[in-house]
Amino acid sequence: MQRIIDDPALVVEDMLQGFVRAHPDLVAATDDPRVLRAVGAPVAGKVGIVTGGGSGHKPAFIGYLGRNMVDAVAVGEIFTSPSAAAFLNAFRAADAGAGVACLYGNYAGDNMNVKLARRSAEKEGIRVETVIANDDVPSAPRDEREKRRGVAGEVLMWKVGGARAALGGTLDEVIAAAQKAIDSTRSIGVGLTPCTIPAVGKPNFSIEPGMMEVGIGHHGEPGVSVEPLKPARDIARLMLEVILPDLPFERGDEVAILVSGLGATPVMELYILFDHLATIATEAGLSIYRPYVGNYFTSLEMMGATVTVMRLDDELKACLDLEADSVGLRQLPA
Amino acid sequence: MIPSQSFPASQGRVVIDALVTTIDDHAAMLSEIDGAIGDGDHGINMRKGFLMARDELPGQVDLSTGLTTLGDALLTRIGGAMGPLYGSFFVEMGGACAGLERIDGTTVGRMLAAGRAVVEDLGEARVGDKTLLDTLVPTAEAYQASLAEGASFSAALSVMAEAAERGKESTRELVARVGRASRLGERSRGVLDAGATSCWLLLTALAASMNELLAAEG
Amino acid sequence: MQRIIDDPALVVEDMLQGFVRAHPDLVAATDDPRVLRAVGAPVAGKVGIVTGGGSGHKPAFIGYLGRNMVDAVAVGEIFTSPSAAAFLNAFRAADAGAGVACLYGNYAGDNMNVKLARRSAEKEGIRVETVIANDDVPSAPRDEREKRRGVAGEVLMWKVGGARAALGGTLDEVIAAAQKAIDSTRSIGVGLTPCTIPAVGKPNFSIEPGMMEVGIGHHGEPGVSVEPLKPARDIARLMLEVILPDLPFERGDEVAILVSGLGATPVMELYILFDHLATIATEAGLSIYRPYVGNYFTSLEMMGATVTVMRLDDELKACLDLEADSVGLRQLPA
Amino acid sequence: MIPSQSFPASQGRVVIDALVTTIDDHAAMLSEIDGAIGDGDHGINMRKGFLMARDELPGQVDLSTGLTTLGDALLTRIGGAMGPLYGSFFVEMGGACAGLERIDGTTVGRMLAAGRAVVEDLGEARVGDKTLLDTLVPTAEAYQASLAEGASFSAALSVMAEAAERGKESTRELVARVGRASRLGERSRGVLDAGATSCWLLLTALAASMNELLAAEG
């Protein structure tokens, strides 16, 4: 295990300490060591945006704390949901009286911990509404969408929710925008190598050299097929063949496309993949309003990439266009 | 008819220590079992939470407070699915014996039932899904049945330990339908489920420590 | 080789196409397929900032094209200097009559190609001055500083040069600021795994599991030692023990610290490393004016990290503080 | 005294084709040699540049234009250290025979001298550093010496090919002092240098193609 760490059991603690120290302009610690908040949060009158999830997905989740983005994040162990207590403390850190939109991904642990935290928060008079991202198409069939996992589409959900809140939306408006964002979004991942959780010390699943796992999840959850590794052009095509018909995206749709590396895939390759995606999407009659290419939601040192497509309307475009300042997503004023 | 057996609720620390110790002692084994079809961290997660919980307990604690504190610590500290499931399990078990001076067989039956209910409610899994429920549910039922058939508290505790072992072993032949191991489909057959194994360890420790406390009563 | 590519011989071409398509707001193609320019470049009256180098270092080099940053980049094959013709065309693309500051790294190929390109440019009446980054301490002894390679310190050199030009500096002023920037900067890298050039298909050097190469270069150039992999705390210490005495940095110095991953090292680990660096630097009496932590200058999927420390004065601080918009470095107005 | 041998400069294409073909044919070998102590791309880089250069040439071209075009293409296309070094090498070789109707032994001597000078000037390496100079410098000198000793053009070309081979082989025992291979220090000893090998291929092809042109003259 070729890692730059100290005690493998304490990587999350150690990382958090460095993160807060590196970004004092953007993030601050709270009384709960497993909760970070954005500098300036809670913002008076603004709906609080909260998310949370397991660690190992940099820049997700804490990298999206910031201006016009997320207000507080509950931090879990590597690939493990944060505790209910952490979610509760994140709600407290983000709430300025206007309520909290908890925008998170559909994983069993997160669902349970959010459920418990939300019960406690409401006893304290903090109103919490949730949007549960389920953009990962291969994780369940179309008629069981509620079972699908949340993946890199969460980044666009946070951008939209964060912007809608910053633009003065009420809790219901923020929730409606974030729900629309994720309902308009479809994703798929392709894995080329596994990754190793430091405390475990060996890969958490395996992919043979020369093979790829189509539809893999962010923690190595099973894909729809394991097949021989193909050229980027073919990978792009098979990814879009899964996600475009699912919404379905239709001729004339304006879309955002987000290509994220899973960690160790050189960013060069994400651009190669994006080029094919853009060509195929354009051929399918989609117009790309906003592309995002980079490491937006990773899985430690896994190799591979996820592709996310979101259908836009005027509200979603306005939300994506708003300036934002966070480690993972910075957009200057237009 | 033998006189109803019981032990003082104030001896909670003995039970909690037994629970923590078995997780601490078997952490590597649990991770290894989880590694076969899961992500290999079950022992790490559990040990971290259980050791933190023990550190928060006073030297002497009644069973209800001890279990509630343990449950709260798991809820607060370990996250994942295990935090809320085992956390709520122990919180509910503690709640079911709150305020009692002495713990008898009927109380333990109520405790198991309460714990089982919250795990089923929160986790939405079923017996046969290859989870800790495959240990918990048949064990709670076997314990209750043996009491109903007139077994003594200590005899029922032995039934509990045996049922937990059978429940754990039953997961070997199951295909995982929830959690990470469901990744493997048919390939998840043939090995134990990690959560079912930790649940067996916990219920066995529970039974053994309570039997110890009963024996001390003479 | 687990890669998302098409023809391994054409990865640079394919990547460039996707890059231009992904960032139409920031970069534009030129008549030379191996030269990209910033949107809006050349800027009337402004000194042009040019750099160039081998590919495989994303976001370097093209990721630093943008507002208040670099105006034109010459693009080479993977780990191979761009041609003299590409440098010449980059000079042409960046020159608005105020001359061109070519800020690049000290590699034999780059030196030769820039030398030839500069000769041709000057025949055309384009004034080109150069700053050759040599921040990599382990690559040569202190009394042979002119032999040292340029590594991640180049990012700070570009930021300073780009800002100085944007702030209206003459060519001489821009060159002086960029030269001061690199003269005030020291770097060191630690490699944990090698990487594979797609067209070659096998790792270009080797590091045994459990070992690390201290002082490794961006292309696997030899380090000062190969030793057992240590905890992050010890890695941080030995890195600073090499670079702090070299300038030397002294008690009371204000510094920028840049930690860059080499590609596949999870970003989480960069924060763990940074936390120790910040502690040790603070103990040494340095005050950290600006930290940068992320993948700023990578080497395909190499594992490891580089650490760069730059001593600041008022001019350098003003240059680092200026807002900037590029793929690799975005800073919002303060 | 044999009459001075020469061939028409208009036959440049024969020489250029020989140069391109040898690189194309031996690309895998060159990469493999580079792989032992360098980064394994020497053949890839060279082939890419040489094939592009050939595509830019008209069917018929005089030697000076052909070499200049080849050199320019390398300068324009392949970057690295090889682009400027071999690029300038061929540009200077082409310059040294510009405007001539026929190419004789003395001209080739001037061409080699000009090529060698620019490589030394630009690359700042020396004989013994385990680079292409270990082939180029002794070959240029041996060729010149054989002419000075009165050898015919074709005999001097044979001397060129033999000297190039010896030069290339000499790198086997050298320790790399410049370029990537210097990474390995003592460990770079025992294998050939990639650039010295490509230089041997090029000089051998140059000699062979010129000898062929001389033979065609009858």
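Should a chain be cited, it is by its letter among A, B, C and D, assigned in written order, with residues numbered from 1 in that chain.
Please note the rule applied: a contact is a pair of C-beta atoms (placed from the backbone, for glycine too) under 8 Å apart; a residue touches a chain by one contact, two chains touch by 3 or more.
As the structure is a prediction and not an experimental result, all values here were calculated from the model.
Shared contact partners of subunit A and subunit B: not a single chain qualifies.
Centroid to centroid, with C-alpha atoms defining each point, subunit A and subunit D lie 56 Å apart.
Between subunit B and subunit D, the centres computed from C-alpha atoms are 79 Å apart.
Mean C-alpha positions place subunit A and subunit C at a centre distance of 29 Å.
Residue positions of subunit B touching 2 or more other chains: none.
Multi-chain contact residues of subunit C (touching two or more other chains): none found. Contact topology of the protein chains: linear, an open path with no closing contact.
Counting only pairs that meet the touch rule, the chains in contact are A-B, A-C, C-D.
Those residues of subunit C lying in contact with subunit A across their complex are 1-6, 11, 14-19, 21-23, 55-56, 58-59, 190, 192-193, 207, 209, 212, 229, 231-233, 235, 263-275, 278, 291, 293-295, 298, 300-301, 303-305, 323, 325, 327, 330-332.
Across the complex, subunit B is touched by residues 9, 54, 76-86, 108-109, 112-113, 115-116, 197, 199-200, 202, 204-205, 219-222 of subunit A.
The touching residues of subunit D, counted against subunit C in their complex, run 31, 35, 39-41, 44-45, 48, 75-85, 87-88, 122-123, 178-180, 182-185.
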